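Below are two complexes that have subunit A in common, paired first with subunit B and then with subunit C.
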Partner chain A sequence: MGRLIARRLLTAIPTLLAIIVLSFILMRVAPGGPFDGERPLAPEVRAALEATYGLDKSLPEQVWMYLGRLAQGDFGPSMVYRDFTVSGLIAEALPVSLLIGGCALVLASALGISAGLWAALRAGKWQDEALMLGATLLTALPTFVTGPLLALIFGLWLGWLPVSGQNEGWNWLVLPVVALALPVTGAVAKLARAGLAGELGADHIRAARARGIAPLTILRRHALRPALVPVASYLGPAAAALLTGAVVIETVFGLPGLGRYFVQGALNRDYPLVLGVVTLYAALIILFNLFADLIYGWLDPRMREG
Partner chain B sequence: MNEGYVVRNLRVCVRDHVIVEDISFTLSPGEIVALAGASGAGKSMSAMTPFGLSAGVASGSAILDGIELVGLPERQLSRVRAENIGFVFQQPLTALTPHRTVRQHLQEAAMQAGGSKPDKTAMVAMLDSVGLSRPEERLAQYPHRLSGGERQRVLIAAALAHGPRYLIADEPVSALDAALRGEIMALLVRLCRERGMAMLLVSHDLAGIEHHADRLLLLEQGKVAESGTARQIATSPATDYGKRLMAATPRLSERLPPLPEMGETLLEAENVHVHFPKPGWGRGRIDAVVDASLTLAKGETLALVGGSGSGKSTLGRAIAGLGSMASGLISWQGEALPLRQRRSAEHRRLIQPVFQDPLASLDPRWSVADIIAEPLRWLVPEAERDDRAADLLEEVGLPRDFATRKPASLSGGQAQRVAIARALSANPEMLLLDEATSALDPLVADGVVALFGRLQRERGLSLLFITHDLALARRAAHRIAVMEAGRIVECAPREELFANPQADATKRLIAASG
Partner chain C sequence: MKPALIIVALIALAALLVPPLLPYDHIAIDWDSVRVGLFADGHLLGTDDLGRDRLARLLVGTRVTLSVALAAAMVALVIGVAWGAIAGWVGGRTDELMMRIVDGLYALPFMFVVILLMVVFGRSILLVFLGIGFVEWLTMARVVRGQVIALKQRPFILAAEAAGSPARATLLRHILPNVAGVAVAYLMLTVPHVVMIESFLSFLGLGVQEPLTSLGILVNEGAEEMDMNPAALLLPGGVLVMLIACLTIAGERFRDRLADAAK
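This part shows the complex of A and B:
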């Protein structure tokens, strides 16, 4: 297992480098720049700014300089939010995103897996069909519909929960977390149901039944782990996406998370900010796929080889 | 208490279909009773349904040691299974839970009837008694580390761990390599005799069970066609069905059937090597075929026989130009055939393949006529193509109107005949038959083997007959080549091979098929 981790972390380095260089070039190829405001800047001001940020150098040189600073852990300054470094912006926004995404991840896994397993045990009955219809609906509804809807019902009409911003307590978390978790819950429920329903027909389950093992023990001991393999493969990348911020949810509920910086950064051509967020996102995806692989190995020992 | 397992007028329905009707038999303590018959005859259904282990619903009566099983609630039925019975299933590859070690399987099995947790010595003894090598090491292993035969031994050890008085074995050896079948079957019988267990054995392989079972029930379409002692049914079946079934099962003891005359040599393969890179990151290669040479004459059948992994299919594929070849020379009537990518349409016409799984080798969305006529696509106008397809259907013994059907509506034997018609439509000189009858029921397989014989006589076809079944090879082939670990260890005319076997692999195969 140690070798698997080491190998995966080593192959992650070229992957990350390729992603950074590609995004760097893509950003520069896009028309416009960080200093194209409503009013054009005086040419000498603009030249001075570009010299400060190194934009007057050739593209390969800039990539090289960026990578050099990145190797020292420096994401560079933001070009639009003056006086802020990208690291500072991320450090401020990431905890909010991690909190909301983490809660949503836990909620979606717990709810989705239990609902999926429950449906699989009633496969073909009406409870199963109703639950799977609900899961399909949840997966299909975009967060820009469910978010405002939840805010309208529980915030405005019923007045139970705050609809915007953070407060001292915890209840500001409820609506964004639920809205973020809903589609993931639906997908997890469908995968868990399909996984277990397939597993229950397998030969090794029949062999366990032949030994007279109690149904709940069979479920826990023989069926659960293989049934969760598809869930694990989905949750790896989904976790990375949840934890790095959800633009729509952050916008709807007025939260200062990472997702907003990503979109704002891209719109403003704030090159270092976008690259910083992309790098973070890519690193998290690689990390969570590694977690998913380790979980596979635990769920099914056959996957530890190869 | 009435000991034994008594089944009276058992009827099994799946949804509204009656699968098994009016089956009665008795399994006395210490006795071995076999349920045999063609596939779909209801053998497994009859054995498994009273114990709640099939999709069917049982009615009638099945009494085990005085307890009526039919209608017993699942909770109590589950106790009956746990306490009295050990089950062995057909698929050793999938009947063990992948994330549980051999030790965990044995512990669960030993404790299923309320026994105490077995210690290491006890578990090693269990594995030892089923003939598994290095038992201490195996305990910590996961099932995927074991071969099919090793897994079946673990399953047998688990089935016996709680000391049951009955063993129910559903096709326990049919998924295993030919060389292993006899060995595992003998192990099961020995364990039953030693421990005084009774066994209900389900099998479609009459030749494999007739020496082992005390009594035999032949099932035909859910009914008992014939029952009696195994010996009596094997030697002189009373019913027509029994006679056909017995005749369809090749045996080494049978008289050699005559084969058509052969002509001059057509195909020569010299020093064929095939290797594959080892899977994974490591270096190294797997030598699948090593220095294999063979010849095939016009109108001749050459059987390529060996255990699984012996390289027989890989060699066949290399010869037909379907698989890669590292070095070697393949020539046709003295002219060298190029490597597979460089073979022309005319080269490809010469050798046509028929594979093991007929349904998997037919495109499910195509009609039978389109499947058969695909090789003629750019050569023959459409109207004539349909005629040719219908003619070919007739030649392989199917009605002409099958042309409009889809593969899903065909039985296994019909689908294999369609696959043969497709091979014939290219007008080949030689067929590569890769286990072409092993997925079929004995009666159907016998019909397909007879079809190959007829095609050979009528068209003068040469056949490269790849099979794991030595008795079948003896029945159908002029010469037999035995493969082991990628090498052809012996190749001789069939009479000579059996009269005077040279290689150890051949002797082992003959012993295993006897």
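This part shows the complex of A and C:
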């Protein structure tokens, strides 16, 4: 277990480096920069600004400087939100995004796994067919359609829930989390159903049944864990889907999360902010993939060495 | 599979054939009838805040979304099949390295790289589908590689090799035709995925640009006026969800049928 973690973390470093360098170069070769405002700046002012942010140095030098500071946990200053550091902006935005994403992940896993298992136990019957059709429909619901739609129905028409921003209580979370969770729920349900249905047809389950072991015991002790392997392998992609969905959801519901900073930063060419967010996203996704591998090993002992 | 495909075909045909028959095109601005309701002045679905015909915009948007999706899926198909076939066919170290690259790319937050690409290199429609295509080929490569490796052991391939068929000919004449079924199934599953990504980018204002329109742009516009006119959100949103759902269902059925046939 320890060796798996160590090896994964070691291979994560070149991946992270690659994405940082790639994004860095992409942003710098782009035409237009953060100081191209409405009015052209005086050349001296521009030169001073560029010197402050290190933009006058060569590209490899800039990358090296950035990596050096990053190693100390410093994402640099934001170029557009003056007087703010990227680390400061991220520290403010990350909890919001993690809260929404975390709630959505829990909701989607709970609902998706229950629905999938229930469908697998009724494999071939109409309940199974109906549930799986429903799950496919759920996966087809883009967050940018469901977000505004939920806001319209439950916020504007029924007036049950707030549609924008945060408030003191918890109910501002409901609509963004539900909109974000819906497509992931569908995907999880399909994977859980496929996993359990496949497992229930396996020889060792038939043998257990033949020995007269109670169906519930078979399910709990023999079928459930391996059946959830496909769900665990979806954790990494699910994290990516939630982060991407959050970009839209935070824009639609006016929440100050990472996704909004990413889009704003990209449109403003706020290099350090965008790089910081991309780096963080990459690290999160790598972390989730590692997490998935660990759950994998727990669910299926054959995967532990490898 | 059939009803799903029929719905997709109907939507595609409507998007392709109906716009020329309409009295208004999707960019004609009609200042005399701004934001009119259904059936007013020959605008079947009314007009938006610039007096543009909503039906024409919906159909043209559907057409743009579908064409971008098809083009991007083709990019993914070409890269994925070539990559997977070479990896599976050559095997050994090459295979190991090529598949490691695919694994590595899978772990990247690709959506964000595509967003960066759009921001950096302007928002041309060509770049939209190239960018999406480069994201979407990974699954195709994995599936094709698996299929090629399975095929390599089959007697008819061994026979062809024993008969002295050169590697190129074996690959082109015997392997690729047998990969086609699986490739088509995954192509069908790639299209709805690409539809989703394209609309996502367009929704954020990073994808297709005016005067062209797409379902993502229409959903975005609709979301802004949904309190006054819910249909502006529901119609493009509905078409989008319908397309994605039906394409997914058809693709999955086709894939499962192939898998059953292989047993």
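The criterion applied here is as follows: the second predicted complex is superposed on the first by the 300 of 306 C-alpha atoms of A that agree within 3 Å, B and C clash if a C-alpha of one lies under 4 Å from a C-alpha of the other, contacts with A are read in each partner's own complex, and residues count from 1 in each chain.
The rule we apply is simple: a contact is a pair of C-beta atoms (placed from the backbone, for glycine too) under 8 Å apart; a residue touches a chain by one contact, two chains touch by 3 or more.
Fair warning: this is a prediction, and the values are worked out from it, not measured in the lab.
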item	value
Touching partner for A:His222 - first (subunit B), second (subunit C), both, neither	first
Contacts of A:Met27 with subunit B and subunit C, given as first, second, both or neither	second
Partner chain in contact with A:Ile285 - subunit B first, subunit C second, else both or neither	second
Dominant contact partner of subunit A by residue count, subunit C or subunit B	C
Touched partner set for A:Asp203, first subunit B, second subunit C, both or neither	first
Shared subunit A surface residues [contacts with subunit B and with subunit C]	none
Residues on subunit A engaged by subunit C in the complex (per definition of touch)	15, 18-19, 22-23, 26-27, 29-30, 133, 136-137, 139-142, 144-145, 147-149, 152, 156, 236, 240, 243-244, 247-248, 251-252, 262-263, 266-267, 269, 274, 277-278, 281-282, 285-286, 289
Residues of subunit A defined as touching subunit B within the complex	202-204, 206-214, 221-222, 225-226, 299-302, 305-306
Residues of subunit B touching subunit A in the complex	51-53, 78-83, 85, 87, 89, 91, 94-100, 108-109, 112-113, 142, 144, 155, 158, 279-280
Parts of subunit C lying in touch with subunit A, wherever the complex brings them together	104, 106-113, 115-117, 119-121, 192, 196, 199-200, 203-204, 216, 219-220, 222-223, 226-227, 230, 233-234, 237, 240-241, 244-245, 248-249, 252
